[in-house]
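Quick one: this structure, given as structure tokens, is what I'll be asking you about.
Chain IDs A, B, C, D, E, F and G follow the sequence of writing; residue 1 opens each chain.
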Amino acid sequence: MSAAVETKNSKNMTQVNIKPLADRVVVEPLPAEEKTKAGIIIPDTAKEKPQEGVVVAVGPGKKDEPMTVKVGDRVLYGKYAGTEIQIDGKEYLIMRESDIYAIV
Amino acid sequence: MSAAVETKNSKNMTQVNIKPLADRVVVEPLPAEEKTKAGIIIPDTAKEKPQEGVVVAVGPGKKDEPMTVKVGDRVLYGKYAGTEIQIDGKEYLIMRESDIYAIV
Amino acid sequence: MSAAVETKNSKNMTQVNIKPLADRVVVEPLPAEEKTKAGIIIPDTAKEKPQEGVVVAVGPGKKDEPMTVKVGDRVLYGKYAGTEIQIDGKEYLIMRESDIYAIV
Amino acid sequence: MSAAVETKNSKNMTQVNIKPLADRVVVEPLPAEEKTKAGIIIPDTAKEKPQEGVVVAVGPGKKDEPMTVKVGDRVLYGKYAGTEIQIDGKEYLIMRESDIYAIV
Amino acid sequence: MSAAVETKNSKNMTQVNIKPLADRVVVEPLPAEEKTKAGIIIPDTAKEKPQEGVVVAVGPGKKDEPMTVKVGDRVLYGKYAGTEIQIDGKEYLIMRESDIYAIV
Amino acid sequence: MSAAVETKNSKNMTQVNIKPLADRVVVEPLPAEEKTKAGIIIPDTAKEKPQEGVVVAVGPGKKDEPMTVKVGDRVLYGKYAGTEIQIDGKEYLIMRESDIYAIV
Amino acid sequence: MSAAVETKNSKNMTQVNIKPLADRVVVEPLPAEEKTKAGIIIPDTAKEKPQEGVVVAVGPGKKDEPMTVKVGDRVLYGKYAGTEIQIDGKEYLIMRESDIYAIV
């Protein structure tokens, strides 16, 4: 993920004022229709709920387990991962890093 | 969270005389209607029970695991987190720190 | 909890001849009507079973985990915590320290 | 528990030839009617099955966890704790030490 | 358990050619009617399946946990412990040492 | 698995732009009909869903547990292992390494 | 298990080209009718599915836990242990070493 890409992400990204605890991560879900750079399309059976998003906040990690993802990463996560929260009227998911499958 | 904010919080905050054990935290829930500084609005489906509150007492933490939240922090927590208790006629929640998602 | 308070507690407290094992604690439940110094009132839905009591005996703790509560402490505990036992015709609860939420 | 008490217990106690493994303990249940020195009476709802007994054999403990109870101790244990065994026609319970609440 | 006793046991014991893995033990169940030296009688409710047997083979133990029982020991074990196997037409049970309550 | 084989695999393998987290692995399933070099045929009862695939991306492993499989390995995995994802219109599975039985 | 025996086993044993991961083992089940050298007969209730087999491939073991069984060992394993796989049209089971009870 190049700096250029992160800059591009940053343009669209709401600055969120939230500090996740432990190994939690706040993710801004991407609309199911949107294609990633890597060309990932959410399979039909999963269309109604996005499984791809952009990390907007990252916790400090748990004891002796530093975090892998960072703000700006596009990530794939489990269909039922996380809890929905709203910040400034926009919907986000807060989940544990272990709910994230991969950076894409 | 600046000192000014904590002072503002302190004005509204009941001084509670309770010492939570281990990794427990006492939280004063905010009314569901109230908006946080960060502009968080509880999503519609969660309106009937607040998910945001202010920490009013913090336990010493579990062995080798110091606490992250402190008195005065505004926190997001799981909809079903904690046990309701009343102190001086006011309702609080006592929960484990792991039930807290983030500081907002 | 001042020494004076503990003396007052001691006056009312049955001397119980019991040695809890490990991290167990014997608690004398307070009647649900009684208010604590800290003014805690058990919420209506919990009235039929007290959730506040006074510690009357404390185990030695588990390996590497010393106990936090001590005899004379007023404690809040889970509504379904512990097992009822009778000593000299009086009812007590024996529970693990982890069932105790806070000292009040 | 004084030496005199243990001697008194020893008089009534069957010498049992059994070596419990690990953290197991063999307990001779006391009849539900019998009162302990400490005056404990089994609550009404538990009358049909004794919850108090005398330890007659103790295992060596698990790795790094020495045993607390010893032969001759009067103990309180969970209503459904242990497995019934017969030695010389007399009924005993074999249970883990963690099933024992307290020494009385 | 004296050497003499083990010799007596050895007379009746089939030499079994089996190497249990980890913490497993092969036990030759004793008929439910048979009384042990220690006079243990299986309680009526357990008559149809023996709970007492003689150890005929012992595994090397799990990492850092040496075995306690040895070949020739008479043991008490849980009513539903182990898996039945046949060696030379005779029925045995293979179980974990943790399924064994005591040496009798 | 020789370098030649890996080269051959590489020819057919989509270059996938995905970084699995922790101990996760992205696998391109082989059609159930296809035979492996080792001649493995998926048993009839499992025909409808392939259990064999080629590893196309490998995570960094969990703390202190390096990964065993590498890109290009043909692997056997549990029938219900992993989550389906699409990359560039092609279907893959993302699973934990522990869901993989063997390299074939 | 002498070298001679292993040679005899090797004659009948398919050379299998499979590398089990972690603590997994590939076992070639023996027909239920076949008697082992040690004379083990599968009990009647287990006749329809063999519980005895020959190890044909062994994984490297898990971290700090070397494997005990080796290729050529005749083993007893749980009736429902493992997953069926076919290699060159022959059926095998792939299971964890902990599913193996004993070497016979």
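Just so it is clear, contacts are C-beta pairs under 8 Å (C-beta built on N, C-alpha and C of every residue); 3 or more make two chains touch, one makes a residue touch a chain.
Note that the structure is a prediction, hence the values are computed from the model and not measured.
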item	value
Chain centre separation (subunit B, subunit C; CA means) in Å	25
Length of the line joining the C-alpha centres of subunit A and subunit C, rounded to whole Å	45
Subunit G: positions in contact with at least two other chains	none
Pairwise touch network: line, ring, star, complete, or other	ring
Ring of chains, enumerated from subunit D in the sense that reaches subunit E first	D, E, G, F, A, B, C
Residues of subunit F touching subunit G in the complex	37-43, 51, 64-65, 68-69, 76, 78, 97-98, 100-104
Subunit E partner contacts - residues on subunit D that touch it in the complex	16-22, 24, 26, 57, 59-60, 63, 83-89, 91, 94
